[in-house]
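In structure tokens below, several structures.
Okay, so chain A shows up in both of these, paired with chain B first and chain C after.
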Partner chain A sequence: MTLELFSQYIFAGITYGIIYAIVAIGFNIIYNTTGIINFAQGEFVMLGGMTAISFNHYLPLPLAIICAVLVTMLIGALIEIAFIRWLESPSVLRMIIITIGLSIIIREMALHVWGDSVRALPYFSGNVVSSITIMGASISPQVLWVLAVCSLMVILLSLFFKFTSLGKEMQACAANRLAATLCGINAKNMVTFSFMLSAALGAVAGCVVSPITSSQYDMGTGLAIKGFTVAVLGGLGNSMAAVAAGLLLGIIEAFSIAVGFPLAFQDAIAISLLLLILFVRPHGLFGNKEAARLKEF
Partner chain B sequence: MLKIRNLESGYGKLRVLKKISMHVDAGEIVTLIGANGAGKTTLLSTIAGLSRASGGDIVLFDQNLKSSAPQEIVKAGCSLVPEGRQVFATMRVEDNLILGGYVQYQRSKGYCQSAELAAIYDIFPVLKERRDQLAGTLSGGEQQMLAMGRALMAGPKLIMMDEPSTGLAPLIVRDIFQIILHLREAGNTVLLVEQNAKSALAIADRGYVLETGKIILQGPAADLLGNTDVQRAYLGRDVDAATATCDI
Partner chain C sequence: MTTKKLSALALLVAFMVGVQLTTHVTGTSYYLTQLTMTIYSCLLIIGLCLVMGYAGQISLGHAGFFAIGGYISAALTTFNFRPALEGGSSWVELLNTTGLFTSRTSMFGEPLLSVQPWIACLLAVSLTALIALLIGIPVLKLKGHYLAMATLGFGIIIFRIVLAMEIFGEADGISDVPGFTLLPGLTVNGNLDNRVVNYYIAAAFLISGFALLLNLIDSRVGRALRAIHGAEDAADAMGIDTARYKLYTFVLSAVFAAVAGVLLTHYSGGISPSDAGVMKSVRYVAIVAIGGMASLWGALTMGGLLNFLSLRGLFGSYDDAVFGAILIIIMLFAPEGVLRLKLWCKLKGHKEEG
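Right after this comes the complex of A and B.
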């Protein structure tokens, strides 16, 4: 394989990988504050992309994206307030089933609102054919947008959890909900906030990939499966590990095509990897075995 | 300061507390002793709002806290140091303390975090040494001190402690009880729940004895220490032998 081809595959892998990582971080944020897997996470990505496309008919692109992110955050908050908040000490399984139901409802509603046509946001800069050559690989400028925006989100998120008091309060809820309550922190509001944050992350990811992958009402399911695989691969709840695991999955997928693996089976890679990791290393590649055992799920 | 009247509470159909009445005055150490399952922890978590009371009143100053949410109760000035410490294990010691001050910095912009932290580090010098360590890496006694420091950061008028001596070496237990005495001297009010009845009564002003959800005895701590029923049931002393030989 030539160097040009190699770096071409690497870039393709990183692009998809970082999107998977963002979806996985969305899973992790909600998992950390509630202990549940929000299977509607992929739908946040879809909603972000689709609403941005709709807003873009009336507003300039940057404004349309901001509005789409805000709308998705609002939907995330409403979901939590309407379906999760009022449950009195619900079981983890019950909440997970609620999120699966929600993902189906959101998908069907999106089908009614937008139909089943495939849409896309315009390229942020340049167009479909413009490309930049880096290390011999021809890269669409949108790929650089994806990398820049997603990396920025990861950095901002880690700064948010490290240095802001709201971030620390959310972390406290994740570390020990009872103790956080006894410090006077309203744990329920923190859960609402974690849904808003995950929704915003998903929406931003949905907007930046839309020009490359296009958006459709059912794009969320596939992304949710990939994101979940990545979250488990890295170790549930560990966002930095999710970035590494996401890049790993993206690059594996890219090179599977290089070695002649049929494109149609590409999704099977993620699922096989998920099964494999659940069989042999359920706490994830970077997860802590003892900590994983303590978790109820 | 804290008045509890005919408090009833439980889990589902199980009634754990049966019409409990008690009070804590400002500047006191009041201890609540009793065997496993007597309802000590349930009483504290009902006061803290973690369990819902099904009847009766909890009044702190003139504010009825019976149906308040836990965070409202912390804001009202009543902090609980929970059983088993419950520190934020994955966070730094100092962050644990800062989070303890949450209600204070929510309350006023003029809140001086560094001064509050310094005051806590004065009481618990070991926490200052370990402030950048993760709380989960502390020893049991240090975690207990951290849990107490975190509760104090909220600036409580009443601090409730659930079994602070559990699982600690006797020397550390003595330190913890010394600190509780020191807190009282500094003007704090403490409601202390303990299985270690002897140590608890030794530092307390008054005590209540809880048995199967009812208060069966109350009075000055010294009287309870001398009470033969208490001695037999909670202090592990063979009263008949003790009176025969007049020692111990």
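Right after this comes the complex of A and C.
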């Protein structure tokens, strides 16, 4: 394999990988504050892309994306307030089924609103054929957009959790909900906020990849299962590890095509990896076994 | 078997016969086709009910087991071995002399040589059981979210496989699956003049499966399962081999799903990738949840009702959305199932007092 081809596959891998990482971080934010895995996480990505496409008919692209993110955040908040907030210590099984139900409803509503056609946002700069040559690989400028926006989100997010009072309050809730409540933090609002945050993350990711991968009403499930794979691979709840794991999965997928693995089975790779990790190392590649034992899965 | 259970089963038999007679009298026997399909779905659902309600393990991959059963039986009974035989393949010749194959002609008069349905059925069901066993050993060690995701992942892999492999017909699925002659005179197929017979064949399968499960949950195994559901660690401490019981129920329910898959495929004459889809699995989980998780009767009635309404096309293009909404509403307001709503119990309580 030539160097050009190699770097071409690497770029393809990290583009997808970073999207998986963003979905995984969305899982982690909600998991940390509530202990729930939100099976509707992939639907946020779909909603972000689809609403941005619709807004783009009337608004310039940047404004359309901002509006789409805000709308998705609002939907995230409404979902939490309507379906999660008032339940008193629900069982894990119950929460799984509720979020699965939500993902179906969102998907079916999207089907009735937008139909089953494949849509895409226009390229942020340049067009389909424009390309930039880096390390011998010719890549679309949109790939750079994806990498830049997603990296920026990850950095901002870690700064948010480290330095802002709201971020610290959310972390306090994640660490010990009762103690946080006793310190005067409104834990319920923090949960709502975590849904909004992870909806916003998903929506931004959905917008930046839309020109490359296109958006369709049923794209959520596949992304959700890959995002979950990545979240588990890195260790559930650990966002920085999720980025590493995301890139890893993206690159594995890209090179599986390079070695001639049939494209139709590409999804099967991620899922087999998920099953393997769950069976041999459920605390993740970077997770701590002792700490994982204390969590309720 | 206690008299209570016997009378309940007798009631079920009477109901099944009653439905057939009603359709006969009112001249609506076209309902029977959809009823037969509903019955096969119910067979899968009561199996899933055992896993979810009694062993307390969620499975989002049961459509996968249904598909393994249906697809393997369909592929074996439609794959034409005649060219291989004429090409002089020695193992096909050997298998042919053992009577595993059956000759027939296709719609266009072309001679076909395919596997005997009985053999195909046995292979399909035992392969499903084997896969369930191999998958179940690691999967059932997981709990909660991880179990849900692992079974969901299994379902998606099966879906991808049937969608990508030429032998399974890719996106078109497999059609022209021949009938399945259980005994001389009893054939599972979609012929209209065979409709009543097929309805009773399906009913016989469902009732025997149901009786088996009713007995199972009242046995030592059933008590062990309920102990596992209540508190797995406690059950473990009481000397119940929790892993083994969970595995056995999982495999048994996979076998139920596979049998349903085989029979329904031969009945409707084909199977398509959507039968293996995630949405189908979610739908089965929804029905078990509505029935009240740990209630075979609940699963049976709700499975019958909702599947039939869905097959009649009552929900139109909102079919999947309806099941999603049902899931949410049930889990929010009545996690014990509709038949055990608080309001309902209160009314019943008042009645007993007064």
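The criterion applied here is as follows: the second predicted complex is superposed on the first by the 297 of 297 C-alpha atoms of A that agree within 3 Å, B and C clash if a C-alpha of one lies under 4 Å from a C-alpha of the other, contacts with A are read in each partner's own complex, and residues count from 1 in each chain.
By definition in this document, contacts are C-beta pairs under 8 Å (C-beta built on N, C-alpha and C of every residue); 3 or more make two chains touch, one makes a residue touch a chain.
Here the structure is a predicted model, which means the values were calculated and not measured.
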item: Superposed partners chain B and chain C on chain A - clash or fit; value: fit
item: Partner chain in contact with A:Met135 - chain B first, chain C second, else both or neither; value: neither
item: Touched partner set for A:His112, first chain B, second chain C, both or neither; value: second
item: Chain B versus chain C as contact partner of A:Leu152, first or second or both or neither; value: neither
item: Which superposed partner A:Ile271 touches (first chain B, second chain C, both, neither); value: second
item: First, second, both or neither for A:Lys168, with chain B first and chain C second; value: first
item: Partner with the higher number of touched chain A residues, chain C or chain B; value: C
item: Which of chain B and chain C A:Pro282 touches, first, second, both or neither; value: second
item: Partner chain in contact with A:Leu74 - chain B first, chain C second, else both or neither; value: neither
item: Contacts of A:Leu3 with chain B and chain C, given as first, second, both or neither; value: neither
item: After fitting on chain A: smallest Cα gap, chain B-chain C, Å; value: 15
item: Touching both chain C and chain B, counted on chain A across the two superposed complexes; value: none
item: Chain B partner contacts - residues on chain A that touch it in the complex; value: 165, 168-169, 171-172, 175-176, 178-186
item: In the complex, chain B residues that touch chain A; value: 48, 50, 69-71, 74-75, 79-80, 82, 86-91, 95, 98-100, 102-103, 105-106, 150-151, 154
item: Residues of chain C touching chain A in the complex; value: 56, 58, 60, 138-139, 141-146, 148-150, 152-154, 156-157, 160-161, 163-164, 278-279, 282, 285-286, 289, 317-318, 320-321, 323-328, 331-332, 335
item: Residues of chain A that touch chain C when the two form their complex; value: 37, 39, 83, 87, 90-94, 96-98, 100-105, 107-109, 112, 221, 225, 228, 232, 262, 264-265, 267-268, 271-272, 274-275, 278-279, 282, 296-297
